[in-house]
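The first chain written gets the first letter, and so on, giving A, B, C and D; residue counts start at 1 in each chain.
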Amino acid sequence: MQLGMIGLGKMGGNMAARLRDKGHEVVGYDAFSEERDVDTLAALVDRLAAPRVVWVMVPAGDPTASTIAELGDLLAEGDLVIEGGNSHYADDRARAEELSAKGIGYVDAGVSGGVWGRSNGYGIMVGGSAEDVERARPVFDSLVPDEGGGFVHAGRVGAGHFVKMVHNGIEYGMMQAFGEGYELMVASGLVDNVPGTFESWREGTVVRSWLLDLLSRALEEDPELSRLRGYAEDSGEGRWTVQAAVDHAVPAPAITASLYARFASRQDDSPAMKVVAALRNQFGGHAVTKAEDSGDA
Amino acid sequence: MQLGMIGLGKMGGNMAARLRDKGHEVVGYDAFSEERDVDTLAALVDRLAAPRVVWVMVPAGDPTASTIAELGDLLAEGDLVIEGGNSHYADDRARAEELSAKGIGYVDAGVSGGVWGRSNGYGIMVGGSAEDVERARPVFDSLVPDEGGGFVHAGRVGAGHFVKMVHNGIEYGMMQAFGEGYELMVASGLVDNVPGTFESWREGTVVRSWLLDLLSRALEEDPELSRLRGYAEDSGEGRWTVQAAVDHAVPAPAITASLYARFASRQDDSPAMKVVAALRNQFGGHAVTKAEDSGDA
Amino acid sequence: MQLGMIGLGKMGGNMAARLRDKGHEVVGYDAFSEERDVDTLAALVDRLAAPRVVWVMVPAGDPTASTIAELGDLLAEGDLVIEGGNSHYADDRARAEELSAKGIGYVDAGVSGGVWGRSNGYGIMVGGSAEDVERARPVFDSLVPDEGGGFVHAGRVGAGHFVKMVHNGIEYGMMQAFGEGYELMVASGLVDNVPGTFESWREGTVVRSWLLDLLSRALEEDPELSRLRGYAEDSGEGRWTVQAAVDHAVPAPAITASLYARFASRQDDSPAMKVVAALRNQFGGHAVTKAEDSGDA
Amino acid sequence: MQLGMIGLGKMGGNMAARLRDKGHEVVGYDAFSEERDVDTLAALVDRLAAPRVVWVMVPAGDPTASTIAELGDLLAEGDLVIEGGNSHYADDRARAEELSAKGIGYVDAGVSGGVWGRSNGYGIMVGGSAEDVERARPVFDSLVPDEGGGFVHAGRVGAGHFVKMVHNGIEYGMMQAFGEGYELMVASGLVDNVPGTFESWREGTVVRSWLLDLLSRALEEDPELSRLRGYAEDSGEGRWTVQAAVDHAVPAPAITASLYARFASRQDDSPAMKVVAALRNQFGGHAVTKAEDSGDA
């Protein structure tokens, strides 16, 4: 089918390529890329035959918000917007309502798979009405892995990004668990072959997983991870997962621990631990005059 | 090769069967099973040609300790004991030293794979001297999956059980992450198709894994998990992982959270939360006379 | 000075009484209490001499929002609203802006102390302009403990409720720490005199605190806390503290653990732990047919 | 009464001084201090009239073990050893049994209060037989605060150190909660007066406590804690508390989080977070070649 793809970066560009390989006609636009087929959003809309389907794959936050607002002005009744970025599920609902007033449909799509997706296929989780989802189904079917699976219509608008958010929260927990296990093996002084241990776990064990495959690959390239710092950013989804858990009174200690470990990894010096150090010094009864730690009591 | 297998339960019995399928001669003994080939440990030792290799696969703790002590008396110089149960790595070192005084070798083997291992193969992680490990190599090679992988010689005696322990700690963290994600999706009221979401994640996503396959299978059989209680035992490995982390000053918050969630799942009523409730009542300034909770302040 | 007090419940009523004891003229109004001096909000405004100072002490959320909205219509330029409930600091800023457009001042006041405050005095933390805070200073000075202290002008509008929120977050952490310590002493089987231990800690130790005094009092009344269930509500402040921590990328593991322990205390059955149980059953390779747990692997 | 004090450091020296102030006859010995009254342990034993009471107040671990072993040889039937250091409760039981075989009594005493104890008095928690505890009661009564309280006979041998360990675990949790609250206030950018906020909390609030007094004092001396690094050691008690919690299947998430935060504060670079960074790089599909972080997926 015909599809407009807005955003031709690492994700959107690869997805457009995979769709073209599968026989779809993709018209691409990106404000910052030479790869684009048209030079403006208006030109993209002109190029597509009504009723149009437009996939938005630009950075979350302002770029997505302004793109969708502009599309609201350019598109016509009967068209459909698929928001494939990492939007918050609450924003989906507001956007869908605005577009709905103009007769424009809205589907939110969470996309997993990273740059491996072009060849392996993507995991696609969508939210929206059955009718809107059905219209875009040929696109979803071409994005998922060839062997099938990889697609779910999770619920109404917002549900696609919600389950993608939860997916990423789980991902945080799994990555942290591997990290803790790695550190413990290294610290023990007992394990001579840490990379080989992870490699061996790829078959036959309970923890076998794609993340383990990636970790094994990373350790093959850099057996002591000496080219990396223990520093990790967090994207919005991890924070949103914890905030959603708090909103719904769901205890999420492992996922939250994973998020906090990332926060801590980015701190040069922890203000909280300065307080602990200050208190330990106070036990000693002397003025705090140096960067030192006196003891518990 | 010829091997004595002590313990013919869910694990040992399946392993013996897999080894026989691969052409090994296995002499099995189990104090409580009719499947045994000999009726006593002494008969097992008699039946094997020296130098013997004996695999111990009985419950951790006393049964393993007494079996190995008895073997120490029955075996001869040049024989080899493989301890395949879930022993603590510190116990391995003590046992290896005792046997070593008699010229008997010792290899500790962590085994992963559960009842699926008979057909899929097992993950095998061993600790011991290069010589001892090499002697038993044909057995290890037949236990791992047919497609290869699944084996590591992790280090000296104790290293096999240590990395199996860490494997299980990671497994705790992964299971907990899936659990938290499931609960959040259910609590949100936004996700109409929770089983389908997990099913879709099996292909193309970052969280694809054997545990996800199992969870998807469980949700297919019982979509709301209504036949289960939210109650989970813990085996020794989870506790040992946390205790090793504390010993080595390794922060392990996600794995520890997973262990504590299991502890909490088994409590009818939490004494700690009684204290919180008692304090909240005290803020109200009145005597604690009923099972009620008055407020923060 | 003259003050209007809106809300004469457990907090507002006691505060009004303390202020009267200290010589202030308090005109009280409460939609649901016979103790009120006037029958409507309009009558309260009429009764006060301009420029007026009105303290709002009604439940957080809608009651506070509608009361302040109504006051916005009734009050005049130069009047001052003090919001003393448990509002979210972001709501303070929105309200202050609306009132400011009409020339009405706004101070947010966090109040700690519970029912003990009437006799002991309250902890008061305020946010607002120096001028607005100064106008209400005689009221604050009478609310705090007679021995002094207990007051801080923490920053601009919102800062009062923000630091009260953090205060409650810390309170959660302290209560949880006492709870965990209590449970461990009971579980150990080694401590014959748990209430006496807490009682002894009230003097000379590092953990001496008002919360410990309250806990010791609770254990004197009910040495095994047998009249209580391990069940604790959470008020908004605990959740907001965690959400603010996530917003600001501040690791807050102890406070978050305390919040999650309260969430878990209110669950009959944990959906997350059903997933863990389901996975453990799957290791066994058999269908999930009963509420039972088969093992790790 | 007459007492031998072994160890005249920060704790033992101050305790000896307090006891002398209260009229006790203290004979002091310290291997490394000029303050000693006798030059050898044997001389100390000679100087005391039988039946003797000897208080051991030397560093935990080997120094305590060797001192008590030596006392076992020097003391006679009817004498009493009080172990006041930070020993593990399991060691107490082994030592008590050995001394008991020679007719020597044993009391384990946890001591809280730090250098403030000399003037404020100490918190004293003891384990042992009623008879042994009674004999040393005059010493305990002089060590606790003048206003009374501060003493508990918690149970049999080991119970004193066990409850002191739990006391310190709770202390970890309280310190961490204050630290997290401090960091959140600083990070918010909303609180102009963080030291003043803590100071104000010392009266009228729920979190008022000795630790808050100390923190307020530290912030008065160094309002931004700029003379300190966010680095905290941990003594054995915190680790033992977590290990005891794991042994007894007691969820202790807040205390454990506090311990782990200390571990993390001492790491230049976290190996676990290197794994997270490596995995994030792998999502990008390129070799790990720099200390950089590519994204989640």
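Simple rule for what comes next: a residue touches a chain if its C-beta (ideal position, glycine included) is under 8 Å from a C-beta of that chain, and two chains touch if they have at least 3 such contacts.
Just so we're on the same page, UniProt names per chain: A, B, C, D = 6-phosphogluconate dehydrogenase.
Not measured: the values here are computed from a predicted model.
Enquirer: Just send me the rotation angle from a CA overlay of chain A on chain D, rounded to the nearest 5 degrees.
Expert: A turn of 180 degrees brings the C-alpha atoms of chain A onto chain D.
Enquirer: Taking each chain's centre as the mean of its C-alpha atoms, give the chain farthest from chain C.
Expert: It is B whose centre lies farthest from that of chain C.
Enquirer: How many angstrom lie between the centres of chain B and chain C, each centre taken as the mean Cα position?
Expert: It comes to 45 Å between the two C-alpha centres.
Enquirer: Just the number, please: Cα centre separation of chain A and chain B in whole Å.
Expert: 32
Enquirer: As a quick test, compute the distance in whole Å between the mean CA positions of chain A and chain C.
Expert: 36
Enquirer: Among the residues of chain B, pick out those that touch two or more other chains and give their numbers.
Expert: As it turns out, chain B has residues touching two or more other chains at 112-114, 168, 171-172, 176, 178, 180, 183, 187, 206, 211, 234, 249-253, 256-257, 260-261, 264, 270, 272, 283, 296-297.
Enquirer: Once you draw an edge for every pair of touching chains, what topology comes out, line, ring, star, complete or other?
Expert: Graph shape, chains as nodes and touching pairs as edges: complete.
Enquirer: Any idea which chain D residues touch chain C in the complex?
Expert: Within the complex, chain D touches chain C at residues 89, 112-114, 117, 120-125, 127, 144-145, 147-156, 158-159, 162-163, 166-174, 176-178, 180-181, 183-185, 187-188, 190-193, 196-197, 199-212, 241, 244-245, 248-258, 260-261.
Enquirer: Taking the touch rule as given, give the residues of chain D at its contact with chain A in the complex, in rising order.
Expert: 10, 112-116, 168, 171-172, 175-176, 178-180, 182-183, 186-187, 211, 214-215, 217-219, 221-222, 225, 227-235, 237-238, 253, 261-262, 264-265, 267, 269-285, 287-291, 293, 295-297
Enquirer: Mind listing the chain B positions that touch chain D in their complex?
Expert: 206, 234, 239, 242-243, 246-247, 249-253, 256-257, 259-261, 263-264, 266, 270, 272, 283, 296-297
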